[in-house]
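Have a look at these structures, which come just after this line.
Here come two complexes built around subunit A, the first alongside subunit B, the second alongside subunit C.
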Partner chain A sequence: MTTETMNDQRQFESDFTRLAEAGGPLAELRREAYERFVELGWPTTRGEAYRYTDCRPIAEADLQLAASAAEVPMDVLRPHLLDGVPCHRLVFVNGIFDETLSDIGTIPDGVTVMRLAEAITEQPDMVTRHIGTTIDWKIDAFDALNTAFIEDGLMMHVPAGVHLEHPVHVLHVTRSGDKPIVSHPRTLIVVENGGRATCVETCCGLGDDPCLVNPVTEIVAGDDVHVDHYRIVREGEKTWHIGGFGLIQGNRSNVNSCCMALDGEIIRNGMTGTLDGTEGMANLRGLAVVDGSRHVDNFLRVNHMKPECDSREYFKHILTDKGSAAFTGRIYVEEDAQKTDAVQTNMNLLLSENAKVRTRPQLEIFADDVKCTHGATIGRLDEQAMFYLHARGIGKEAAKSLLTFAFANEVIEDIELLPLRRMMESLLLERLPHGDLLRSMGGVD
Partner chain B sequence: MASDSNQTLDAWAEQSDYKWGFVTDIESETLPPGLDEGVVRAISARKQEPEWLLEWRLKAYRHWLTMKEPEWAHFPDRPWGPIDYNAISYYSAPKSDEDRPKSLDEVDPKLLETYEKLGIPLEERAALAGVAVDAVFDSVSVATTYREKLAESGVIFCPISEAVRDHPELVKKYLGRIVPPNDNFFAALNSAVFTDGSFVYIPKGVTCPMELSTYFRINSLNTGQFERTLIIAEEGASVSYLEGCTAPMRDENQLHAAVVELIALDDASIKYSTIQNWYPGDENGKGGIYNFVTKRGMCEGDRSHISWTQVETGSAITWKYPSCILKGDDSIGEFYSVALTNNRQQADTGTKMVHIGRNTRSNIVSKGISAGHGQNTYRGLVKIRPKATNARNYTQCDSMLMGDRCGAHTFPYIEADNDTAMVEHEASTSKIGEDQIFYCNQRGISSEDAVSMIVNGFCREVLAELPMEFAVEAKKLLEVSLEGSVG
Partner chain C sequence: MLQITNLHASVEGTEILRGIDLTIPSGEVHSIMGPNGSGKSTLARVLAGEDAYEVTEGSVTLDGEDLLDMDPDVRACEGLFMAFQYPVEIPGVSTKYFLRAAVNAVRAHRELGELDAYEFLQMVKEKAEALGLDTSLLDRSVNEGFSGGEKKRAEIFQMAMLDPKMCVLDETDSGLDIDALKVVSEGVNALRDGNRSFLVITHYQRLLDYIVPDVVHVLLNGRIVRTGGKDLAKQLEAEGYAGIEAESNVANGA
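Moving on, here comes the complex of A and B:
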């Protein structure tokens, strides 16, 4: 990959020096990552990884870590909470833990759900053993930047055989101000053999000033593990959300991860899944509703390292106004990974003439006994389906909404966490014209 | 997998002797190896070119000096050493250049013999199939048949160096228009030092009375070949052009950097078919041709049609992306490809379809077969520009893997800037199943025949696009590439 130095990366120097002085078990990793970030520089569109996402506005902004937590009333947070299901809740505002808004509740014996900052001091071995193992921060500048500034976030550890009953909900709230702020929340989820857990991440923004949210989430799943992970991106109008996600799976493990990109000026969702045990299953899904002049970039890589694993990538983009979306998916199959079954799908629905789509569904296969397919489509709503509905007395706009909802719902309908699914459905309906009509039509219950 | 069929498939990976590897012993008049402005001037002088072309070459050469060699091949099996451009001789012509043959009878019998060994009997082919052949032996055209018959209908089919002399206005107008000299590293090199190639001009409303064909062949040690082909189809014209090639066995890597430009005006149609079977190197990846070609067609006029068909079985490394720029409204671009890689071969091929005009359509079918340590890559771009309303594209990339050390890769790029665009991309990867071989064995079909049958079935969609004689040759070629390695 060629990344070209675009600007002075030393803008974070003072912030980093301050952090480095604190020392701790991650000091070495942070320093390496920082040096790597300076070396890589901000990604440019001349490199393959960020070919379709222009990071110049980010590079040019004078970004700073938040000095102190901003005040956020509970009422503002409420629409982002899951109804009717008890959660272990952690809330961070501008990257700083907010005790009053958080409600971690009772954690079962042996399970860890705590701030990463605490875990670094209390369980340094656990943290250092796993952190940075699922992503390659040496090749991605934003992952390197996050790693350089690991300070706080969520640490989850589920011991062997334990099923964590309630979901963990972590909210990263960004309250923008006069100065562009940056936060680098880190989430580390370790689930030991036979464990089970669910984690929901919400990244939400208040205020319309520019800022950068650069979260990285890592999941380390052992054998026979089941993990559900969701990330909902509802940032402020001028927020750049450049997210990283890393996953490594053991034998017979089953991991689902779903990313909903709804609000933010630029939303990048980088995902790397590595199937490192036999018979594993990685199920990565994403839905993006891209309106205004938003840009969404889903950038995925799935590594099949061991035989008999399955992977599914299912990403849908709905584009209106001047929205633009990019998808890059690469299925990589090692020589040893025979009997791999990988499916990759990217579908793009264009609802306006100024929308733009870039898609790169890629396969890189070094084993012969594999089943790998990928498909990408770009198109408008089906004229015949529109006509069908029209002929049955459904107005043009309502028909359009109905078909668009149906398109998106294929990603949402598999969400097992019911309150989250309801939330997604209603968010989707809000964005469609005549959404209330759809609701009353009983298409959505 | 059953051990029997395992052996069968493994055996595929084994190298069959390259039948067509031999060196013709003809004294060549060759420029000493090396590249500088002097060489560019010398080539131009020998070709007695006009001043404008020399300037054009020099400009390309100067630009080439500023360019960086691309490096994408990331497969560790075959580290691609840097090409020493000063070790290549840029001009090589058979000795009899001063006294060029007027007809086949006058052609050096040794040359004819060479073609004979290649299985391309010129007269026979010409007579039986009605094909006019512009055979390129190294860098100078040595035989052109059926010229008169073509001339009757106004078709010009001649070596490009002749076209520069006889039809300078056409060459000047179109040369480098589709592939500008600064397009890419290898196109720039070609523009500076191209020695020969074909020129085709089909006048308005004429359907070319026969299929045009040329055979390229690399001879003379250390001589890269830099052909330049230019095909122009005027309004309503149509032509089918065939290109096929084999090369003698060599231990040193040879560079081949050709440029092909096609221009189709209103209602014109060009069909360009290629069979490429250059020396692929031995089973350890020693030797073989580097085939870095720039091929591009411009559907300039409304309702024009350009179709690329290729069967790529040879060369150590192939980088080739025959493309279509669909500028005219309702124009159509097509790309059909079969690429077979065995042993240590690498093929990185695909197409670019750039939709600019309204109601433009493109169709891409790519079939990759990898055996041994072969690496096969489809790399392509489908671009729908903002004004290309109602553009349609359908892409299908299928890969077949034989053996557990080969690779199949797909890197498509799709960029759509218009909401009326309909783009579909599908790809799949498969292998020859032991059950399929078993089924055939049960019915008395040998494993070798079974594999050949399955491969042919896999490629059928593409082979069907080839003109009949070529389809036969292509089928044979696929078999030969796998011959003696099964059972």
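Moving on, here comes the complex of A and C:
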């Protein structure tokens, strides 16, 4: 690495200039964000936020936006779809909307589920009012980069009192090729007072060449809102997935978000949750299977701005081979945010000698009547439980697999969207050492 | 059925079992009684194959097969079942999944066909009815948050599902109130079929009012010092272990 490479953010200049010429309501935001990205430069491991994620390979790659859509057959997409539940489906390939693969279906009156590109034109006020309000792109280079390149993605708007019955499923497919492709999909979910919605994001990759997927999802939840959000990351072998997620929620709102990280060379899941009304509940979860020489970084910040809110962070990593993982969880409690109840848990299961994990809880508390607990564990499989399973006839490999499954399953067992839960369970079984054995024994359906 | 010959075992270099000889024929119920520290639970764990216990001398065979040479899961598949004194909680695994995995592992070993989800549930229903147990625990994680009684009942239910030939009950009565004790005992009695053998390990005579043994052994300092009929348990209850201890010390020349 040379200093020159790290400071050269002009690699995106021509792409940005082309986009800037298109103008539109977001032109100013994009320009500011682009300038901010150039100022910030690529994150380094000397900074706090990316201390454990080395971005040099990303900085050194000659990344380009995809010029035209790549073709993806429906068959390839099928395993990523939810069985037995109708979904409003949007599919993007290398950041470009794919009409053939998408099936938005019928949207109830008053609800918006559409491409962000269309929403920018058709509902510019809605988009400009909310976009960029839940994340601080001024401090995170990747969020700034995504914001500079906002072009398309998903826009959801659920008006007051409306319960959107079917989940929205957005799939970001990356088909890597000779040249490293970058995409910056943006999702904006706005749910007004008393509304309810579910959104599933799947980021999947085809091909094993390097690319950068840099998605940012924002959820703006009003009062008495319930939102369930999921992200499944199954990128290509050499893909860097640097994901951002921002959430701001009003009074008595309940928002769940769960990220399952499975495939990709680097998977970073940056989440910021802001409880901006009283009696809200933010429930953030993450599960990662970190094998090979993969790296997973869950980087969280939860801001308690108002009294009587609860937050839950529940993150588990299963590490094998030479996998490495990092967890950073900052809980910030504003002076006014009395009766805050924040619980942070990060549990790591180390299944090999060469796997590595780093975990950092960070509490910043300015109120005096709060309950903030955090716990981090790094361990191996419980010997007593292993023996108990053996004593019931279950062999060594199957017992390991069953206990590993159990460890992971606690993150996803409460997911109400059954087809998704089943899919996650089955992905988990595929990925666990001897998961096939477990499945064949009928230990898990 | 089970033949234990001159069994010596130690934990972390300390000898706990100092030469146990015990034969349990097919269909019989034997009880081992003894004070705390006599080696009762060590015997159960050595039989089940727990790593921490090192067998330094002697042999154990199950139907003529060398038990000590088998891994714990193979022992279970071969028909040995230990009901744990402290059943382990396994969060995240539903009891139903766990049981089906166990039943199918055992059936595969015994060259019986594996059960599909439907057949398995039929078997659950049948066994639960036979034992008078309700199946509501099956949807919860293995032993997680179970009361003492629920844990022991779950152990007996597992015993019924795995169809063992030799059952070892390690202080199954500990922590049970009288009602739970009755339910558990009735479960065990329902599994007495003339072929299946039992080794009931207990500190108190109380359990033996409900599970009536054919033979009672008294374990002291890692040795069986007395063997008798079911009346021996009553005698112990009345006189305590102190009398037998004194006798045994005399016999050992101490």
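Convention: the second predicted complex is superposed on the first by the 430 of 445 C-alpha atoms of A that agree within 3 Å, B and C clash if a C-alpha of one lies under 4 Å from a C-alpha of the other, contacts with A are read in each partner's own complex, and residues count from 1 in each chain.
In this text, a residue touches a chain if its C-beta (ideal position, glycine included) is under 8 Å from a C-beta of that chain, and two chains touch if they have at least 3 such contacts.
All values derive from a computational prediction rather than experimental measurement.
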First (subunit B), second (subunit C), both or neither touched by A:Ala385: second
First (subunit B), second (subunit C), both or neither touched by A:Val357: first
Subunit B versus subunit C as contact partner of A:Ala367, first or second or both or neither: first
Which of subunit B and subunit C A:Glu410 touches, first, second, both or neither: second
Partner chain in contact with A:Gly393 - subunit B first, subunit C second, else both or neither: second
Partner chain in contact with A:Asn348 - subunit B first, subunit C second, else both or neither: first
Partner chain in contact with A:Leu402 - subunit B first, subunit C second, else both or neither: second
Partner chain in contact with A:Gly177 - subunit B first, subunit C second, else both or neither: neither
Residues of subunit A that lie at the interface with subunit B and also at the interface with subunit C: none
Residues of subunit A defined as touching subunit C within the complex: 382-385, 387-396, 398-399, 402-403, 405-410, 413, 438, 441-445
Subunit A to subunit B touching residues, read off their complex: 319, 335, 338, 348, 350-380
Subunit B - residues contacting subunit A, complex: 1, 384, 399, 401-431
Residues of subunit C that touch subunit A when the two form their complex: 48-51, 71-73, 75-77, 82, 84, 87-88, 90-93, 97-98, 100-102, 104-106, 108-109, 114-117, 120, 141, 158, 162
